[in-house]
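One chain, subunit A, appears in both complexes that follow, with subunit B as partner in the first and subunit C in the second.
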Partner chain A sequence: MSAATANTNLPRRIIKETQRLLSEPAPGISASPSEENLRYFNVMILGPSQSPYEGGVFKLELFLPEEYPMAAPKVRFLTKIYHPNIDKLGRICLDILKDKWSPALQIRTVLLSIQALLSAPNPDDPLAENIAKHWKTNEQEAVETAREWTRLYASGA
Partner chain B sequence: MNVEEVKSRRAASSIELRNMESEDEMLDAWAGTSDGEFQNKEEEEELDALASDDENDGSDYGFDYSNIDDIQPSSRLPQTNFTVLSEKDIRHRQAEAIATITNFLSISPVDAGVLLRYFKWSISKVNDEWFADEERVRANVGLLEKPATSKRKIDKEMTCGICFEGHPFEKMTAPRCGHYFCETCWTGYIHTAINDGPGCLTLRCADPSCGAAVGEDMVLGLVSNEDQQKYTRYLLRSYVEDNRKVKWCPAPGCEYAVEYQPGVGSYDLVCKCGLNFCWNCREEAHRPVDCETVNKWILKNCAESENMNWILANSKPCPKCKRPIEKNQGCMHITCTPPCKHEFCWLCLGAWTDHGERTGGFYACNRYETAKQEGVYDEAERRREMAKNSLERYTHYYERWATNESSRAKALADLQQMQPVQIEKLSDKQCQPVSQLKFVTDAWLQIVECRRVLKWTYAYGYYLPENEHTKRQFFEYSQGEAEAGLERLHQCAEKDLQTFLEGDNPTSSFNDFRTKLAGLTSVTRTYFENLVRALENNLSDVDNLKGAAKSSSSSKASGSSKSRGGRAKGGSSRSGGSSRSWEEATHWSCEHCTYANTTATSSTVCIICQYPRS
Partner chain C sequence: MGNSSSSGRRNSHILSQSPGHPPPPRMYPAPHRYPGGHAPPPGPGMYPPNVRYYSYHHYNGLIPPSQFYSQNFIQSNGQFMINLPPPQLYSQPGGMPSHPVSQPPRPLEVVEHQRASTIQNTVNLKKATLRLEKDEENRGSYLVSFSFDATAAGSICIFFLAEEGADCSLSPVKPDAYTPLRSEFEKGLGQKFRQAPGTGVKFSKFGEKELLKGGEHYVFPLVIRMETLPKSPPADEPPRESLPLGAPLPDWVHAQITQATIEKKDDDSYQVRVVKQILWISGLRYELQEIYGIDNSGIGGNFDGTVAGKACVVCMSEPRDTTVLPCRHMCMCSECAKVLRFQTNRCPVCRTPVEKLLEIKVPKRGSELGGAAESSSSQSGAATAKDLIGDCDKVEHIDPKSILVQASDGTSKS
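Take a look at the complex of A and B:
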């Protein structure tokens, strides 16, 4: 690792997690640390099949704060996405990123949970009020918009 | 809980109370006289039933009723009781509660602590829930019945699932669920929780799929001294902050808490630090005025809206720079403050240069008059006028409220100075044992209390609707009588006392002074008791007096509209007066002590000083 000198105090756990993410990536997910900062990851998640995000490639950023793993990683969508639990800044409403965080969870589990959230939007615990309302009043139309956005913003990386 | 709720709930039938299961609900209801007693009995019966369910091995529980009695209201009297608790008392209470639960449920003290914290320190709630469905409680709270047996014990080294490092088994630890992580990681986990706040008191296992409770023993066994202190602090605070029957004293820096026991009576109490406050709203004591009125009044006092009203009533924006300009002289020619210095007419807001002969002279503005006739200015003027009136009304009550508050503070300071110093001096000068001078401090205590009551009656008066004429009249009469009595007492305690302090020799008239001051104290107390009762009944007695009040001509005769809240000008400033007439039908005033006796109770002898009616 070329940037190891700039990240001398990287805990062993982060090194191990990184190695495993690179050597055994989860299906549909890729995460690679940035050259300059090994706590910052470029993440890509493929839209799950049979979801309105199918066929899309979604970029995210993930950052491990100083307190990690006692504190949760910070994750955000960079690709625009039409989803009731993700707001226009790409912030994600997911319990394990907040009060349900446990130090026994990992980057991998977090990303898998986000992937699952794409398959199962939850308009009852919304972050984006308007999208959630849309979802609840006319799900078919909302799903169509989500497909449209996937085509517009998440196709061809 | 608001007062209306209390009132309506208080009226609830005892059938309803019978159905109440927890003491918390009981609190909501503020059970009245017989209900309070009833609840206690029921609780005991319940516990009795619980104990006898396990009659076979009941002795194992060794349940001690006297123990519960320490924690439950011990008094059978249906009175509102407040207990001031120090930190030590709270820790003692916690230890007692834990001992009770430990005993009763046959569980460890650590588990008892977990249960009590989960159920907000309510012993009866822990009992109820546990015996209703122990399994469910265990699952919710995170108490495993049997420790998970760990096969890993044979392993020499284990990999920690948090730091991913290998550790010898001795360095690994786990709650009863058997989720082993290294000690360093557990410490970090608990440290993070403690620094996140009081949630650390109900901490669960670090494994995300597990809800096992992490008890006090494990927490305190792992963390630093500093974290231990924080944790025990939260533990102490939880007894007060989670418990609906206990609240902290609101005085800054005061470390006492106050426990409330349902009964009848007011919410007012005195903390050991000396603060007199309302248990319900934690504002300073405000009997006989209810919490809602007090909170409205306090909000009003700091509301910006009053400022806005003031500005609206007294100022207009400068037509050039738009800053509000206050008109402070009679002249309509206004010059805006520097740097603007724009000169304009207050009435029409036109430039002053346009004024003069053409507008009807410098002191009149016919532009305004004309515009007013055309109705252009009416709305703005009307609003300004209204704001001014409501402001004047508010100012009237506020001034009296505030003056009585400063009078009270002054009297309190006087009393504090009085107690050691002046009393001894008086004892010296008048050759009286200190024990014989209690009537002086009694008088001052009465003054302080009366000033407090009087102060709050002005907040009450402000919210008493103007159109409730009879009630207002009765209110102002009672307030006026009480206030006049208080002024006499305050005067006597202040001025008369001074002469005995200054005189060189014992005076024979000192005994007269004693009789007078003690009499005034007692009379004033009676007046205020009546006033307090009247306001607490929301002036409902007024209906009984309506007949007698018919002849009264003016409602402005007494009370708030003319009295000062400060010091009286003379002795009995309120003899006679037009509102006297209705009172004469039912009352007579004692010549000796001025007490207004009711003809119904005694028509010949004063019930206060026993002097015959002249």
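Take a look at the complex of A and C:
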């Protein structure tokens, strides 16, 4: 089956979500589908203000599996980020991407949740053990490292 | 939002960090080819693109492929269906199935899916319109007012501080404080009722504390019973008028009972809050319950497929017609509901375990009733109580804004 065939079989829901993401993007978030595969999205999230990620532009990839929306989208950070709930491969520890997924959630709500996770790191439930430890033992320093990483890797270049 | 996520993340964390398992990068042997081959080059500050990020918590490299495949089976309607990976998306050398196993298979309880059937209701008090107004001719007294629809003539009885008993009987807790009121009404939609000035009830006689107490043990501060006679009473029965107000209802009377609490506001006025509405039809007692999201449903025939809020939350295309029980979220179309129940047992909106799915198909209303109802109120449809599913003691829908739950013991009194 070619990519073109797959795209013609795209569920209406995905088409609608895509249209709305493009026509009414959420503040600080952009998501656009790949031309070759309309289930694959290039995502950019701006670091929330008053967070160590402020000023950063973070790239992510998002893929809608065949079962979507009965199964959660697969999302990963491509830009390096220092965050206790995001590991060194960019994978995100977020319950709605796992067992708390609901088909009433959407691409938009998932990305808003990830944006919120940047504002509220949760070192008590870590994915990146070392970063979480850092966060808990010396939060000020960890936040500074997160700022530094944002400058180094997410400056939008 | 980070905090609300804790339980799930803890779980997945444990999975991904199990002792003895190699760290993630080594677990994903096959280079991941991005769909369309447009993977971003791994520039500075970018994570390597060859990570199969989508299955990290479920595939740890230790499950033999055969078992891996078996997890892709879904049992549906007694048939086995298999979810095959979309080959064009993640082709892998080595034949390792690349399709993400999104959730570990969980034991699925097959949920009952039922269609609503219809019962006819003849009278409906619109609960949002219920008010207590100051009686200008009688200082310190209050008058009851509300709007209602009725498809038959009947009578209204108003009780303060009354207890519900068997067969929807009502008895005043403080019979000395007031005399229950009774008045007649004619057939008609969008009618207004207001107690005659001068007949207001003095709350001071009850002792305010008692009156303002919430509904407990079937005692409610304000109870309104509206009765109609859809058919003529049996010849040997005494006429309704000769019986005391609040007498138990025989099965040939049709009634709606509205039970409300009273709250005092800062400006010394009183606010009424409807707690429960009950229908008495053919000798059975039903509790009326609101369906959440039915305003946004396709019910009523005004679905045009464009308003996002009206579409099924799953497919976002079809009108909503299926309510999840017990949480009463009308959020899906029947097709998606059928698919959902093999995937999860939780409501998409609130994650409450699903006990039942109730499909509500409302035939388009006749022009006479529909037109009149729509002009009189947005609620309309008082006459078309919907529903009844299953055998008995279950759930019904009315109005069509709410469902009815029949009390299991008929009298509701223990």
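Following the convention adopted for this analysis, the second predicted complex is superposed on the first by the 150 of 157 C-alpha atoms of A that agree within 3 Å, B and C clash if a C-alpha of one lies under 4 Å from a C-alpha of the other, contacts with A are read in each partner's own complex, and residues count from 1 in each chain.
FYI, a residue touches a chain if its C-beta (ideal position, glycine included) is under 8 Å from a C-beta of that chain, and two chains touch if they have at least 3 such contacts.
It should be emphasised that the depicted structure is a prediction, and the values quoted were computed from it without experimental measurement.
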Query: Clash or fit: what happens to subunit B and subunit C when subunit A is overlaid?
result: clash
- prompt: In the superposed arrangement, which partner chain does A:Met70 touch: subunit B (first), subunit C (second), both, or neither?
  reply: both
Task: Return first, second, both or neither, reflecting whether A:Leu78 touches subunit B, subunit C, both chains, or no partner chain.
output: second
- request: With both structures superposed, pick whichever of subunit B and subunit C touches the larger number of subunit A residues.
  value: C
- request: Could you look at A:Leu10 and tell me whether it touches subunit B, subunit C, both or neither (first, second, both, neither)?
  value: neither
Query: Of the partners subunit B and subunit C, which touch A:Ala104 in the superposed model: first, second, both, neither?
result: both
- prompt: What is the contact status of A:Ala146 with respect to subunit B (first) and subunit C (second): first, second, both, or neither?
  reply: neither
Task: Return first, second, both or neither, reflecting whether A:Ala116 touches subunit B, subunit C, both chains, or no partner chain.
output: second
Task: Looking only at the overlay on chain A, choose which of 236-244, 326-334 or 380-388 in subunit C hits subunit B.
output: 326-334
- prompt: Just which bits of subunit A does subunit B share with subunit C as contact spots?
  reply: 11-13, 16-17, 67, 69-71, 96, 100, 102-104
- prompt: Tell me, which parts of subunit A touch subunit C in their complex?
  reply: 1-3, 5-6, 11-13, 16-17, 20, 34-37, 39-40, 59, 61, 63, 65-67, 69-72, 74-80, 85, 87-91, 93-96, 98-104, 113, 116-117, 119-122, 124-127, 129, 152-154
- request: Provide the residue numbers of subunit A that touch subunit B in the complex, in ascending order.
  value: 11-13, 16-17, 67, 69-71, 96, 100, 102-105
Task: Could you please specify the touching residues of subunit B with respect to subunit A in the complex?
output: 161-165, 179, 181, 185, 188-189, 191-192, 206-208
- prompt: Can you name the residues of subunit C that touch subunit A in the complex?
  reply: 1-13, 16-17, 24-25, 34-38, 40, 44-49, 51, 53-57, 83, 85-89, 99-100, 102-103, 308, 313-317, 331, 336, 339-340, 343-344, 346, 348-349, 351
